[in-house]
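Below, each structure is written out as structure tokens.
Common to both upcoming complexes is chain A, partnered first by chain B, then by chain C.
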Partner chain A sequence: MPALLELQRRMAALLCAEEPSSPEASYLTASAALRLDIHRNTRRSTLINALRLSFPAVQRLVGAEFFDAAARRFISAQPPPGAYLNDYGADFAGFLGDFAPAAALPYLREVAQLEWAVNRALHAADAPGLGLERLAAVAESAWPFVSFIAHPGLSLLRLQYPADLIWRAVLAQDDAAMAQIDPTPDELHLLIERDCTGVQVRRLAGAVWHFTAQLCAGRPLHAALGDRPDAQLEAALAAHLSAGRFIDFQLDDPAVRGTRAPAHSTGEAHS
Partner chain B sequence: MCPADNGRGDAGLIPAAAGIGLRFPHHARVVQTRPAVAWFEVHAENYFGGGTVRRVLEAVRRDYPLSLHGVGLSLGSAEELEPRHLARLAELVRAIEPGLVSEHLSWSVLAGQYLADLLPLPMTEEALEVVCRHVEQTQERLQRRILIENPSSYLQFAHSSIPEWEFLAALSARTGCGILCDVNNIFVSCCNHGWDPSAYLEALPAGAVGEIHLAGHAQRTLADGSVVRIDDHGSPVASEVWELYDQALRRFGPRPTLIEWDTDIPPLEVLLDEAARAAAILSRQESRAHARAA
Partner chain C sequence: MNRYALAASTLSAAVGLALALQAPLRAADMPQSGKDAAAGAHKQQLEKCYGINAAAKNDCAAGAHSCAGQATMARDTKSFVLLPAGDCGKIAGGSVKPL
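After this line comes the complex of A and B, so read on.
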């Protein structure tokens, strides 16, 4: 008679096994292996289904059978840590990139990266954009030392393939559009976010993308902008602020080191 | 609390009437047409994020009493509850102010891994202590009483020493939690294990039962020839379960009753018809109660 923790460890091992096994389960009653298999199948189909929902374009590109086989391998390698399955699959793109049977589709990894960013944007917590009146209170001399906190649903991707075009064509099942895509590798800079109408996938100029990536990483404005004023980057900053892509800021002025902008309720839902 | 701030006209208490489990395919229809349903219940985990689905939930909450039904807290894990999961549930409860909050008598998380099913517990004193501790922790965190649903199970453990109904009664007595009596689960487990469903109902503490669930189940023959009933929520409520529901209402009195359907989800009309059938049995029970009182 195993203690509860030991029993749960044994059951978890059986449920996660690739193939049904006939356990030496003296702690279970009759036909236990077959009945345990019901739970094993439920687990697997629930997790495969969660990945299908997050990666619909990947599934269309590779077909359902291939997708299920890849998903099974991924589930074995990286099972979900928690019951909030919208968070499951962050590493699926990386897994597909290293998955030898998928090598014939070199852009598959990047389409999966894009789908994960879309998934993040879709499910991110609500967070109000940084109010311009709060920034207006910052003295002009302190501006270079302002750094921002990005909205939790915002992603920036630098890709080699036109993953955005492939993603749209595949989801629209538009074979004509798909046939016109030139899959030659070239630099592609994307911003993915949720606005009031839904998830948006936008192409950015390389310089704007790099500037935005610096800001999202928490670098202060002076470091992200460089030494010279740049009208393109300043316009981009204004656009980010008005689109609510930043939800808070900090001041890190060496002259007033230690002062921080008052914390706002960034993690909270709002109505 | 100030419900008016959210445009919510009442305290959102769940009435002793028939409600429907709200799933994604019916979101648009419900928000746009406001069907005549007494209340809705949703799976809490589907609304942990923000965005459109949260807006839908807020809109539904403005117009209907709403219950949150958790499927991932894993109250039966021998290890500690996942703090992040509990925090997300607490945030949702704070924002939505649901009429009821419920979870399952089961486990699904171990060693930082989610096993994606409601797994059975051995009915032992140790398991009872674990579940009591986790229910108390949850009730303290949410600052409210929760309901715990009786499981459907296919497996039994050789060392189980407490009948499931006694386990639930003890859990409720020790923690003050209520019981979500899933009549379909009682029927499924009783068929699978040779228990008597009437005796199961009789043994539950009537005053603790705060909600009833109804759903469909499937029957499967395993490779060894044994037949197992599986609680897949993918078909209409079985006739034996309707009979058991009538019996449950006689025993407990009228209770909020939910129609659940999770696989092969049919058009909303099918769910409305099932809810109407539950409502008819509820009102029959109410007239019986009035007749007795008169």
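After this line comes the complex of A and C, so read on.
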């Protein structure tokens, strides 16, 4: 009789195996192997179903059979790290990008990236936006050193293909819109979030996207803005604040660090 | 204007603008493409599609099969469908042939 840990490891290996259990190979009795196969099969179809629900547009693009086969490979390569399956599939887009049979659809990876961002926006915890009165109460001398903490459901994607148009047309099953999509690579900057009416996928100007990405990465305002005044960025910051895209802020000024807010290191040297 | 002064004035202006934006109904907060706005009509439909996620992923009974029904006739066939056969063919210029 193996120790419990050993037994659990063998059980896990049998459950995650790609092939049905073979009694000869696995010291199981024939009837135990059959019963284990039910368990094994259920586990896998649950995981495939979880991916299918998170990536509906990818599935429509490639068809159910292809999707199942790809998902099966993904599940073998990267089993879920936890039991909460809404968190499973973060790496599916990357997997599809490297998946040779999908190479004919260069935009597939990006549609999957978008679907994952939508999934994140849908399942992120509620978090109230940063109160503007708190920001207004900060001493003016500290303003350049404000850095923000983004809402957990916010994603920024820089893509090459019109993944947003493909995603909408495919999910809406709008054949006319699909026929009008030009899948030629071009820079596309997206912001994905959940607002009070649902998940939003918005296109941003490149400069606004880069500014927003810097802020979301925790860079202080002066570093994200650069040297030249830009009314577009000012308006974007106002829009972000007003829409609650930041849920908190920190101060990175050496003069006030430790007295006003928790220290926040961005690796940015003051120049 | 140095970058610190610029950052301070930008934040000041942005906070003022944000306060003004919050007062009335939240107006269009980001520059959007026309197509984006036009797609609003489809939004409800899309979200219905995603909205079923939570239940189906957490409730065994909501799945397409009972555990027993899945049985050992596992669809374990090794055969691999080599060509994606979905809507990709409907996208203009989209090709399902290797490039």
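Observations on the model:
Simple rule for what comes next: the second predicted complex is superposed on the first by the 251 of 271 C-alpha atoms of A that agree within 3 Å, B and C clash if a C-alpha of one lies under 4 Å from a C-alpha of the other, contacts with A are read in each partner's own complex, and residues count from 1 in each chain.
Basically, a residue touches a chain if its C-beta (ideal position, glycine included) is under 8 Å from a C-beta of that chain, and two chains touch if they have at least 3 such contacts.
Keep in mind the model is a prediction, meaning the values are calculated, not measured.
Of the two partner chains, chain B is the only one that A:M11 touches; chain C does not reach it. In the superposed pair of complexes, A:D98 makes contact with neither chain B nor chain C.
Once the two complexes are overlaid on the shared chain, A:G198 sits against chain B and chain C alike.
Set against each other, chain B and chain C touch different numbers of residues in chain A, with C touching more. Using the contact criterion defined above for the overlaid structures, shared-chain residue A:P81 touches chain B, although it does not reach chain C. Applying the stated contact rule after C-alpha superposition, one finds that A:L28 touches chain B and leaves chain C untouched.
Legend: residue contacts after superposition of the two complexes on their common chain; A:A125 is shown touching chain B, with no touch to chain C.
In the superposed model, A:A3 lies in contact with chain B only, and not with chain C. In the superposition on chain A, A:A236 makes contact with chain C only, not with chain B.
When the two structures are aligned on the shared chain, A:E187 is found in touch with neither chain B nor chain C. On chain A, the surface touched by chain B in one complex and the surface touched by chain C in the other have residues 34, 38, 42, 46, 85-86, 122-123, 198 in common. Residues 1-8, 10-19, 21-22, 26, 29-33, 35-36, 39, 42-47, 49-54, 56-58, 60, 63-65, 67-68, 70-72, 74-76, 80-88, 90-99 of chain C touch chain A in their complex. Touching chain A in their complex are the following residues of chain B: 6, 45, 48-52, 54, 58, 71-74, 77-79, 82, 84-85, 88, 91, 95, 107-117, 119, 121-122, 124, 126-127, 130, 154-159, 222-224, 226, 228, 230.
For chain A in complex with chain C, the touching residues are 19-20, 34, 37-38, 40-42, 45-46, 49-50, 53-54, 56, 59-66, 68-69, 85-86, 101-106, 108, 118-119, 122-123, 132, 135-136, 140-141, 143-144, 146, 164-166, 168-175, 178-184, 191, 197-199, 201-205, 208, 220-222, 225-229, 233-239, 241-243.
Within the complex formed with chain B, the chain A residues making contact are 1, 3-5, 7-9, 11-12, 15-16, 26-32, 34-36, 38-39, 42-43, 46-47, 79-86, 122-127, 153, 194, 198, 269, 271.
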